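To start, I am sharing the structure in question, which I have written as C-alpha cells.
Which chain is which? They are A, B, C and D, in the order written, and residues in each are numbered from 1.
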Amino acid sequence: MTSLLQRNYTSSELLAVMASRTLADGQTVFAGVGIPLLAATLAQRLHAPGITLLFEGGVLGPFIVPGELPPSTNEQRCTRRANMILPITDVLLLLQRGYVDIGFLGGAQIDRYGNINTSFIGDPAKPKTRLPGTGGGNDIASLAKIVVAMKHEKRRFVEKVDFITSPGFLSGGDSRARAGLPTGGMHKIVTDLAILGVDPASKKLRVEALHPGVAADQVRANTGFSIDFAPNATVTDLPTGRELEVLRQLDPAQLYTA
Amino acid sequence: MTSLLQRNYTSSELLAVMASRTLADGQTVFAGVGIPLLAATLAQRLHAPGITLLFEGGVLGPFIVPGELPPSTNEQRCTRRANMILPITDVLLLLQRGYVDIGFLGGAQIDRYGNINTSFIGDPAKPKTRLPGTGGGNDIASLAKIVVAMKHEKRRFVEKVDFITSPGFLSGGDSRARAGLPTGGMHKIVTDLAILGVDPASKKLRVEALHPGVAADQVRANTGFSIDFAPNATVTDLPTGRELEVLRQLDPAQLYTA
Amino acid sequence: MPQTPPVKPYAQLRAETAGRDRSLHDKVVTLDAAAALIRDGEHVAIGGCMMSRTPSALIWALVRARRRNLTFSRSIVSSDGDIVFASGIAKKVITSWFSQGIVWGISRVMRAWTESGRAEFEEWSHMSMGLRYRAGAMGLPFMPTRSMMGSDVGRLRAGTTKDFVCPFTGEKLLLLPALNPDVAIIHVQRCDQFGNPQIDGLPFMDHDLALAAKRVILTTERIVSNDQIRRQPDQTAFPFFTVEAVAEVPYGSAPHECYGLYEPFFKHMDLFAEMTRADVEKGVEDYLKRFYFEPKSWTEYLDRLGLNDLLVATRAGRSIYDD
Amino acid sequence: MPQTPPVKPYAQLRAETAGRDRSLHDKVVTLDAAAALIRDGEHVAIGGCMMSRTPSALIWALVRARRRNLTFSRSIVSSDGDIVFASGIAKKVITSWFSQGIVWGISRVMRAWTESGRAEFEEWSHMSMGLRYRAGAMGLPFMPTRSMMGSDVGRLRAGTTKDFVCPFTGEKLLLLPALNPDVAIIHVQRCDQFGNPQIDGLPFMDHDLALAAKRVILTTERIVSNDQIRRQPDQTAFPFFTVEAVAEVPYGSAPHECYGLYEPFFKHMDLFAEMTRADVEKGVEDYLKRFYFEPKSWTEYLDRLGLNDLLVATRAGRSIYDD
C-alpha cells in the first residue's frame, strides 16, 4: 500500500488522471473549465485522440494549447483550432438533440442519488452561502450521461443536497424518467479516493473502485451517507509518469492542479 | 380621357409604377421577384430611398443592379450590396416578430375579402391546375400588411377563391383576428385599372382610385363580384417619364414588364 | 400515401443518434458510393433553396441508381422537383413552392405528375417548413407558430398540426410537427475529409436540416485540409458529426448555382422548360435520357451542358465579389 | 420584487416594434448619450458572455449616471454582475451563473448583496436563458424544452413556467416564458453608422438578444463605412433596424476581452478579486471610486487600468489569429 505521503502527485492531479480514464476514444464530451477540461484534454493527448470537446461558450472540437488554459469556456482561448464556433444556445441544444456522449461536471455537493448542488448552501430562501449557480450544469445533467470529478469529503458527499442544481437520479428508481428526463443521468463520480458508479436498480451511488492506497473505511468515513460497494469493486492503477508529465505540461502554473 | 391605345407604357409597367407609389420612405418591405421587386426598387430609386428590402431567400437591405434582376429571391444576385445575409427561417421570422411594414405579393386569384390563391385552380382534391403554391406568401399575408399587384381580370377577381393560400380578411369582419391572425392583412391591391383598398368594417375590397382613362364600369366588368367605390375615390396620376425611364433601366430585357 | 412523416418519439431520436459513429474520421467517398447510402423509401431533405446550392449531382446519381419510393422535402424546389417526379424516384415532395422559376411559368412536370395522381406535392408555408426542420434540429417534437392559421394551406395539413391556446397569453397558436428526415443531402463550397462544411453566402435552412436529419451526405466543390477549416471555425456551417459521407464534385449544383462560383446555367434552364413545354411526358423522358442516363460520368454530364454555358455561369458567379 | 418579467402579449410586442423608426439612418452618439437612452426601471439584457464582449464601457456610463432599479439579464455574468449590484443600479440579475470566474472562486459581492437581500440573483439554466431569448426573438410567447425539469432550479421558477404534455408524443415538456428585454446592450468589433454590427469569433446569444429586445444600443471598437459592411453581408450579426444607437468606444469591453483584439486584463481581474476579498463593502466602494467615478473619461479609465496591462491584453488578443 502506497502511503499518501509518498505519492508524487497532488489530489487534484489524481482526480484529473482518473477522470481522463473514464473517457473513450471517439466520444463527444461537454466539458467545463478546471479538472473537467484538463481531464478531457489529457485523454485527448493520450488514449483518446478522437475525443470531440464541446464548450458551453459555443465551441466545437478545439485543441487547447498547453499553458494557455482558458479562464472559462467563454473566451477566445477556447476557440483555439476549433472545428466550429456557434451560438451558445445552439451548442447547448446539441445536448437536447442527443449529440453529446458525456457531460463533465464539478460540484460543491452531491447526494446518494448523484444530484449535484452548485447553487445554495443552506436554505435557498435564506442561504448560508449563495453559490455561482447552474450555468449549463442543469442542462448537461438533464440531457447527457454525466461524469463528475470532485474531492471526497463528508461535507460534499451528503445524504441530501440542499438544492438540486443538476439532476442526478432525483429520488432514485425511475423518478428521473418520471420527472421528464428519460435520457442521461449520473455515470461515474471520480474522487481523490475512489471511482463511484450507480446501482442499476436503486440508482444509489456505489463504490466501483478504490484508488491505490485507499481503504474502504476511508471512503465510508468521508461519505456523508452509507455507501455500498459494487460486488466486483477493484483498485485503480496508479497515475503513470506519462499521464502526470502531460498533465503538468497542460497546466504548468498549476492553476487547477495545485 | 387618355385612350389605352395612346398610352406609352405596358400594363405591367403601369402596375409596377402604381405599386411603387404605395410604398413610403423608411419602410421595411418583403418582396418577391417580378412586379413586386421592380416596384420596390423603383420606389427606392425615386421617392423612397430609405426602403429596406427583405428577400425570402435570406437577404436584408440589398440594392438590385439594373439589368441584373434575380431569377428568384433565392440566388446570389439578390445579395448584391446587402446589409446582411441570414438563414431563410430567420428572415421569415422577422415577419412574426413584427419587423416588416409591407409584404408585396402577386397572385393568380383574389376574392372580395382579399384572400389570395396561388395553389389550386378547381377542386384542391382534383385540381384543374396545380399551381406552384404558397412559398412565403402564406406567412407574409398572415403576419404583415399586404400590397398586391395583379392584372384586373374577371377570372382573377372572383367571388370566392378556389383555395385560400394567403389569407386576406377570410370571411370579413373580425374573422381574420378570430382565426389567430390579429395583425396584418390586405392593405392595397394595385391593378392595371385601379387601386383597391379595404372597407374598414366589412373588410370587403373597394375601389379607391381609377387609373387615368379607366371608367368605373370597366372595373365592374372586369371584377367577378359586385364591388363598391370608396366615397372619396380619386383618379391616379399618369406614370411620369422619369418613373418609366428608371423602370426600363431596371428591366431592360422586359422580363417582367413586356 | 400517408400525410407528412409522424413526429419521432424522443427515445427513437436519441437512439438513432447514439447509434452512429460520431467521431472525427475520414468520410470521403465517390459520388456513386454517396448515392448508395440512400435507401429506397427514405425521407431525403434537400439542402439549398430553389436554384441555389442544389445537390444536383447527388440527385443525378440517385436517378441513375433508380432509387424508388423516396420522399423529398425542401424549402422550395425548382427543376430538381421535376426531376425526382419524372424519373420515378419520388412519390412525394414536401415543400412550400414548386416550379422551375417564375420566369418559366408553372412547372409542366409538376402539373402532369400531381394532377394525374402519380405523385404528391404536399404544401406547407415556407416558414412552416423552416420551423419544422428547426424543431427537429432542436430535439423538440414541435414548434409553435403564429402563421398558417385561417388559410386552406393550414386546413389541408390540419391532420398533422395541432391548434393550441397559449397558456401564458391565451393567444391562438398553431403547433407544427417536427420534421426529422432520414437523410439530408447538402452541397457546399468546401469541406474537409471529416465533414466540416463551410458555406459562402446564403445559408438557407442547411444548419437546421443537418441537425434535424438522422444523417447528412455532403457533396462539395472541393475538399480542403482540416487545418484550413480550423483557421476559420466561424465559417463552419454545421457540426462534422452530423455528416456520414462527403463526395467531391466540382460544379455539383449545375445547372443550378453555387454562390460565388457559378450562377444558374440559364440557357440550359430554358432548354429544360422548352423540352417539357409541348409534350411533357416525351420531353422529360428525352431530357432524362440525354442528360441523366447517357453520360458516363458527371464530367460527361457537364460536357453535355456545354463548356460555353459553364464559362458564362462561372463568369457570372465570380462577379458577386466584384465592386 | 416580482419574479421574471411576464410574457408580453403579442399586440404589445407588435405595437412596440411598429412604433420605432426602423429606417436606415445615422445612429452615432457619444457613450454618455447612449447611456442616457436607458431609463430607470428598465430590463437591460447584456450581450456577450462572462468575460467576453461585455459592454463594459456602457455599464460604466450607467453607473456614473446613477441609473436606478434596473433589471439585468445575461447568459452568464462575471464582474459586470458584481458592478451592477455594488453600484446600486440593479435590484436584480437574471442569469445562469454569477461569479467573476472559476479561478477567483465565489463572488464576494454577489454573496454580500444577495445574502443580505439587497439584490436578487434569479437563476435559470444556461440553455433556458438562451431559449427564453430565442422565443422572444421569434415573436413567440414561449419555447418548449426537455431540460430544467425535476430539479430545484426548475422548482424555484415554477411560478413562471408551465408543465406541459406534448400533444404529438405524450412526452413531458417544460414551456419557458419568452424574455423580451426593454433594451439589449451589445459590444461588437465593428459597425457602421446605421447600426449594422459585425462580430468576430464567438457569437454567444447576441442575435437572439437583439431580436428579442425592444431596442438595441451598441458600442463598437470602431465605426466603419456602410460600403465595408456590404462587402461582407454574411458577417453581419443582426439586422440594423433592431438598433437604436451606436457609440464608438475602443477597448469598450475592458477589463474583459474582445475576440481577436484583446484578452481579459487578468492582472486587473486579480486586483478586483483582491480588493473585494477582505472587506467586500469597503473594497468595492474603493474600487468603484477609483475606476468608475474618479476618471473623467473612458480613456482616463483605461489609463488607470494601465498601459502595460492594455498591451499585454492586446498582444494576447491578437494571437488568436497566429498559427
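What to note about this one:
Keep this in mind: contacts are C-beta pairs under 8 Å (C-beta built on N, C-alpha and C of every residue); 3 or more make two chains touch, one makes a residue touch a chain.
The shown structure was predicted, so the numbers you read here are calculated from the model rather than taken from an experiment.
The chains in contact with chain B and with chain C alike are D.
Chain A and chain B have CA centres that are 59 Å apart. Rounded to a whole number, the gap between the C-alpha centres of chain C and chain D is 38 angstrom. Inter-chain spacing, taken between the CA centroids of chain A and chain C, is 41 Å. Chain B has residues 59, 79, 85-86, 93, 96, 182 in contact with two or more other chains.
Those residues of chain C in touch with two or more other chains are numbered 10, 139-140, 145-146, 171, 173, 201, 203, 207, 234. Chain contacts in this assembly follow no simple pattern; the graph is neither a line, a ring, a star nor complete.
Inter-chain contacts occur between A-C, A-D, B-C, B-D, C-D. Interface of chain A with chain D (complex): residues 32-34, 56-59, 71-72, 74-80, 85-89, 92-93, 95-96, 115, 119, 124, 127, 129-139, 141-143, 163-167, 170, 175-176, 179-182, 255.
Residues of chain D touching chain A in their complex: 49-52, 75-76, 78, 95-99, 101-103, 106-107, 110-111, 114-115, 121, 123-128, 130-131, 133-134, 145-154, 156, 171-174, 201-205, 207-208, 257, 259-260, 263-264, 266, 317, 320.
Looking at the complex, you find that chain C touches chain D at residues 7, 9-10, 139-142, 144-146, 162, 164, 166-169, 171, 173, 175, 177-178, 200-201, 203, 231, 234, 323.
Partner chain C is touched in their complex by these residues of chain A: 25-28, 50, 52, 59-61, 79, 81-86, 90, 93-94, 96-99, 101, 182-183.
Looking at the complex, you find that chain D touches chain B at residues 10-11, 13-14, 17-18, 21-25, 137-140, 194, 196, 207, 211, 226, 229-230, 233-234, 236, 238-242.
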